[in-house]
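These are the structures, in structure tokens.
Each of the next two complexes has subunit A plus one other chain: subunit B in the first, subunit C in the second.
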Partner chain A sequence: MAKPSPDSKTPYLLILPYFVLYFAFGLFPILFSLFISFTSWNGFSTMTFVGVANYVRLFFHDAAFYKALYNTALVMVCALPLSIVLGLLLAAMLKDYFDRSRNVFQLINFLPYITTPVAIGILFQILFDWKAGAVNSILLAVGIVKAPIYWLGHPWPARAVVVLLLVWQGFGYMMVIFLAGLSTIPAELYEAAKIDGAKWRDTFFRITVPMLRPVMTFVLTTGIIVGFRLFDEPQLLFSGEGEPIGGPDHAVETVVMTFYQAAFRDFSFGYGAAIAYGLFIVIFFFSFVAMRIVNRGNDYGT
Partner chain B sequence: MAPRRYRAIPVYAAVVLVSLAAFFPFYAMLMMSTYVSEQLFTGVKLLPGAFLLQNLKTILAIHYLHFYANSLVVAATHTVAAVFISALTGFAFAKYPFRHKKLLFYFILGSLMVPPQLGLVGFVVEMKFLGIVNSLFPLILPGIANAFGVFWMTQYIAAAVPTEILESAKMDGCTALRLFLQIVLPIIRPALVTIFLLFFLWSWNNYLTPLVIISREALYTVPLAISMIGSEYRTDYAARILALAVSTIPVLILFAAGSKQLIRGLTAGSIKG
Partner chain C sequence: MTKRGVLFAVFAAVSAASLFAGGASESSSAPKSEVISIWAWDNSALSKRTYDAFSRVYPQYTIATTIVQSQDMEQKLQTALASGSDVPDVAWIEATYRGSLLALNIWEDISKPPYNFDKNKVIPYLIPLETTTSGVYVGPEVPSIGGMAYKRPLAKQYLGTDDPAQIAAMLPSWQAFIDKGKQVLQASNGKVFMLSSLWDALIFARQQTNTPFVVNGTQLNLDTAAAPILQQLVDMKRAGIVDTYEANSPSENASYADSTHIFYPCANWSVTFTIKRNDPNGSGRWGFIVAPGGPFPMGGTVQGVPIVAKHKMAAVTFLKYRYQSVAGAERLRDDQGYFSPLKSLYDNDSFYSKTDPYFGGQNLQKIFALDILAKISNPRLPNRYDQQINDAFNLAVQSLNTGANLSVADLIKMMEDDLVQRDPELVRG
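Now for the complex of A and B:
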């Protein structure tokens, strides 16, 4: 632009609304939460300053927090690679083998991602109901199982249902991101490989996967960040009467569920805020490690 | 490159199978919403039943339309404001030099790492203090300043809007706001569509914020309502399933209309950077 003098007010006026709104409804609550995390407070009575007591309790005396972290990490470690691989394969296949019908398949596989997570939780609760659920009916009819499986009543089957739910919900999103990434790979690479007589499988592993490494980093780190926020689906999956929070033996209770329970059910605002900050520290650590791992692979790879 | 014909059959089969699996829960949901609850316990329903209208009456009787209107108001106002602010801020970062620009931009990027629940406790207290907990504002306001949106718009505007056009318009005495409204916005329409779809989706599906803030039933949004119908009308499974199915309609329409744009927009914007 015709170099307006750097002290011109215009750009500052343009970015002002963003920063005002961010400070008012983004940063202020975050800092305020940090302050609250050093207190004991139920939101109504007087606030008592307790120093780092909430954090000491969280990191050294709260087995439930670690169990929730374990649960969240476990379903993520299973679901994230599965949905990435499925999304990548589907994207590569759609790009190379489908032309006119590509849009239809894109939309169908993207549907789960746009469905309200609350609805997904309830829907899976109904589909996996041990008496009336469609899944057991089909398994029984085909003869894969002899007796109905009590999916949501035992810890490991319940976890499996959550993983399945997350893969179903997430692979279409991965597919769309990978399709976007695929379209930036120069076609000449594939043409050259084809002249050399490479098969689809070869080009997939030798060209597609290496070239998509930046996209992979992107989906992996955002996947971890989003994965640790898991709340709606498992919360609703076990929302029926008489069902324990977080499923059988708290097997699928996630960190955000623990946070919600502490802050907004038990009204321990101070402790709840500390859980949120504890989770933030963990997320930061994990996404840092993930980024390091993916980037290190890159150094050796090329 | 594709080795078509017979060799490709396994590939077609795999894609069709995965797509069927992806679609099955939807299909089951649609079918189940056309029966009465008692019938749902008698096996899988693969064909439509005859009770769609009856179930529709049931969900209308619990003011489902009212919750629907709440959700539409929240998602629409939030999204329009967020897209506008993102584009405006991105315009400044992409096309104007100013002091501390880098620093401010890194500040915005850094805030991307922060999970939204981090400030939730403080936010609830803030809303109570401001006296707006009994309105839809707590659902509209957060996230209007969206770091992802700004980052993305900055990249897009820097690449897509030619600086020469802006310069010549400025020579003619065009103000910054008019530049933005009349020149920049029309050029970046694909990016606006993409980001509108994503913001609308996230707002429409948001559950945790209304769950912890909204207590009056008159202010329920759709996700909150369907989670509550769950406990109050637990016996009427079929009506509940219909409510789930209906909750997806707005985003379904938006994405069906804009799915091509979405992929084109994602390609142009986020990935290259």
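Now for the complex of A and C:
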């Protein structure tokens, strides 16, 4: 067999398309947006270099950024654990009790995740409409409330609706990921526990949850990243003509909405890019902390 | 013939046919038409009818519309310009976004050579609305003007008449409107409202004033400009004469067909696109008057030609046809119910005259043309912060709508805080 020439260019040519595409559509936009975050630019006028002025404004003067960060973190802190818990419980129950009908339930619960956010936004807008929404109609009919709740008109109910929307949309995805994780846990562990008289609850907390730690790290980290990038759902939920941006008192305005506002409505590309990098720092920090917490005491790979 | 032979023959026949077909189209001597690209949010059959009429007069041009929603126009244009991709030959610039879009130095002055769109033919009050602060005349628009529509059966029951003249005489001012609203509320045991939404009240109050919200470039002028508007809303809210529907929500749209809300703001375009659409079985049960406080502009969409557009001359030819010719005005009137900005048409009493059975036989075109359009002279000028002001108004009105007992000073502060926080360039008044 002929030995390949040591100076053959073929391997480089083969990997070249990937690098070309990565530089064009990955690295260049990242570096270019970092560059424009140090400028004042509206997209077509002359770019003016302003140093770190955009970052000074962002971190020291922009209360809207911190409010958006608070809103995003609050919604995420409520929605993410709920989605994880629901997804995990559902996955464990489907595996143990619904072996035959598992695929059907899996599909049903996964459907919200693949539904377009536009449809979800409109659906929840109609469901939680103050005057004619189904939720208020049911609450009134059952007698839980005496007057309709202005769900999308007050800050806290609006946040609750967004949390509910995210949980409903996200737990199916969590369930699928946990089901994949569950399939990697050896059945012998459960059999041994059963012989020792362990109940479902015991095996769940002492076998399932600990063995799913790597999966947990994955869903938590990706959940935080996706959570901080939250945009479509609240944007569409409050897209009515008279709706203030980000809902009542900007209560569900997320960081990405603030970025969108700055870059694509106020024509401040430079400041918009600074917000994007500010968000990157925040995501990096929280993802790092979350991974450290979840992996505490973990000796994988050591 | 073998199976292979049959297949070959079929393939050869198909190939020959397609070659001849291609040859036929290649050899056609029909002139290639120039395509005028328009970014707009209306691509209805009615619009297309107008475009087709233009292409019949100017067969060398055809029009291709790309749907871009009014709120997305800024972003799409900005992205296209920044990336160097194709921009439209004509972009629609809606009133809310006009200030910031006109502030961008991207528009051709079509009143100058070689385009020579004649500004002198345009209704005078429209010209400043279509001109940038640096003096560039961007493009024409159909005048969008507003009055007040009402439900005749409710008016008869609670106001004692459904006659437009009598109702207009009964409501000479907004204070009279509020006083009458209290009586209606009492007579209906709190079930019938004068208006369905505070945002409707905002349309009247905001459009009937012309004090700028921002002065000296970046100084907020809300104490002078927004306070009277908000005071009117607070007065209406406290009187309980406005229901709590959100603007253009499904429930507000459904209220057009109900029997608990009497009045609605009504632009010339609202007749077709809002009232008749939301109350399809309402023929004969609607009436129309000039609103208390007088005529006012309501909406409006400038047709701008970007400097970097590819077919600027063709675009201006289209704009001249549509907005500066009698034939174009007829199409606007008959196809879409729009008015023309061509001022000479309003010297003729009969050009805009058509009774509408839906409005009990009222001649709405004549009322809009003579009683409203002819009397508008000095509307509020566009400002680059219009969109931010609009967002701040939405914030204040929604807070008021929730039932909070807010004063005008509270609402002004809320708006100022929001505006300054969002845009540090802006300074408090």
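Following the convention adopted for this analysis, the second predicted complex is superposed on the first by the 282 of 302 C-alpha atoms of A that agree within 3 Å, B and C clash if a C-alpha of one lies under 4 Å from a C-alpha of the other, contacts with A are read in each partner's own complex, and residues count from 1 in each chain.
Keep in mind that, in the parts below, a contact is a pair of C-beta atoms (placed from the backbone, for glycine too) under 8 Å apart; a residue touches a chain by one contact, two chains touch by 3 or more.
Everything numeric here is computed off the predicted structure, so don't read it as measured data.
Q: If we overlay the two complexes on their shared chain A, which of subunit B and subunit C does A:57 touch? Say first, second, both or neither.
A: Second partner only, subunit C.
Q: Could you look at A:200 and tell me whether it touches subunit B, subunit C, both or neither (first, second, both, neither)?
A: After superposing on A, A:200 lies in contact with subunit B but is clear of subunit C.
Q: I'd like to know which partner A:150 touches here: subunit B for first, subunit C for second, both or neither.
A: A:150 contacts subunit C only, not subunit B.
Q: State whether A:249 touches subunit B only (first), subunit C only (second), both chains, or neither.
A: second
Q: For A:21, using the defined touch cut-off, is the partner it touches subunit B, subunit C, both, or neither? Pick first, second, both or neither.
A: First partner only.
Q: Examine A:261 and indicate which partner it touches, taking first as subunit B and second as subunit C; both and neither are also allowed.
A: In the superposition, A:261 contacts subunit C only.
Q: Which chain, subunit B or subunit C, ends up touching more residues of subunit A in the combined arrangement?
A: B
Q: Does subunit B (first) or subunit C (second) touch A:217, or do both, or does neither?
A: neither
Q: Have a look at where A:232 lands relative to subunit B and subunit C in the superposition and call it first, second, both or neither.
A: A:232 sits against subunit B, while subunit C stays out of touch.
Q: Of the partners subunit B and subunit C, which touch A:12 in the superposed model: first, second, both, neither?
A: Only subunit B is touched by A:12; subunit C is not.
Q: Which subunit A residues contact subunit B in one complex and subunit C in the other?
A: 43, 126, 131-132, 240-241, 264, 269
Q: For the complex, which residues does subunit B have touching subunit A?
A: Residues 1-4, 8, 11-12, 14-15, 18-19, 21-23, 25-26, 28-29, 32, 40-41, 43-44, 85-86, 88-89, 91-93, 95-99, 101, 104, 111, 113-126, 128, 141-145, 147, 150, 163, 166-167, 170-171, 176, 180, 201, 204-205, 207-208, 211-212, 222-223, 226-227, 230-231, 234, 237, 240-241, 244, 247-248, 251-252, 255-256, 259-260, 262-263, 266-267, 270-272.
Q: Under the stated contact criterion, what part of subunit C meets subunit A in this complex?
A: 74-75, 78-79, 81-82, 100, 104-106, 197, 199, 244-251, 254, 387-388, 391, 394-395, 397-399, 401-402, 418, 421-424
Q: Spell out the residues on subunit A that touch subunit C in their complex, using ranges where they run on.
A: For subunit A paired with subunit C, touching residues are 42-45, 57, 61-64, 126, 129-132, 150, 152-154, 240-245, 248-250, 261, 264-267, 269.
Q: Applying the document's contact rule, which stretches of subunit A touch subunit B when the two form their complex?
A: So the residues of subunit A touching subunit B come out as 1-4, 6-8, 10-15, 17-19, 21-22, 24-36, 43, 86, 89-90, 93-94, 96-98, 103, 105-112, 114-120, 122-124, 126-127, 131-132, 134, 137-138, 141, 168, 171-172, 176-177, 179-181, 183-184, 190-191, 194, 199-200, 203, 214-215, 218, 225, 228-229, 231-232, 236, 239-241, 256, 259-260, 263-264, 269, 272-273, 276-277, 279-280, 283-284, 287.
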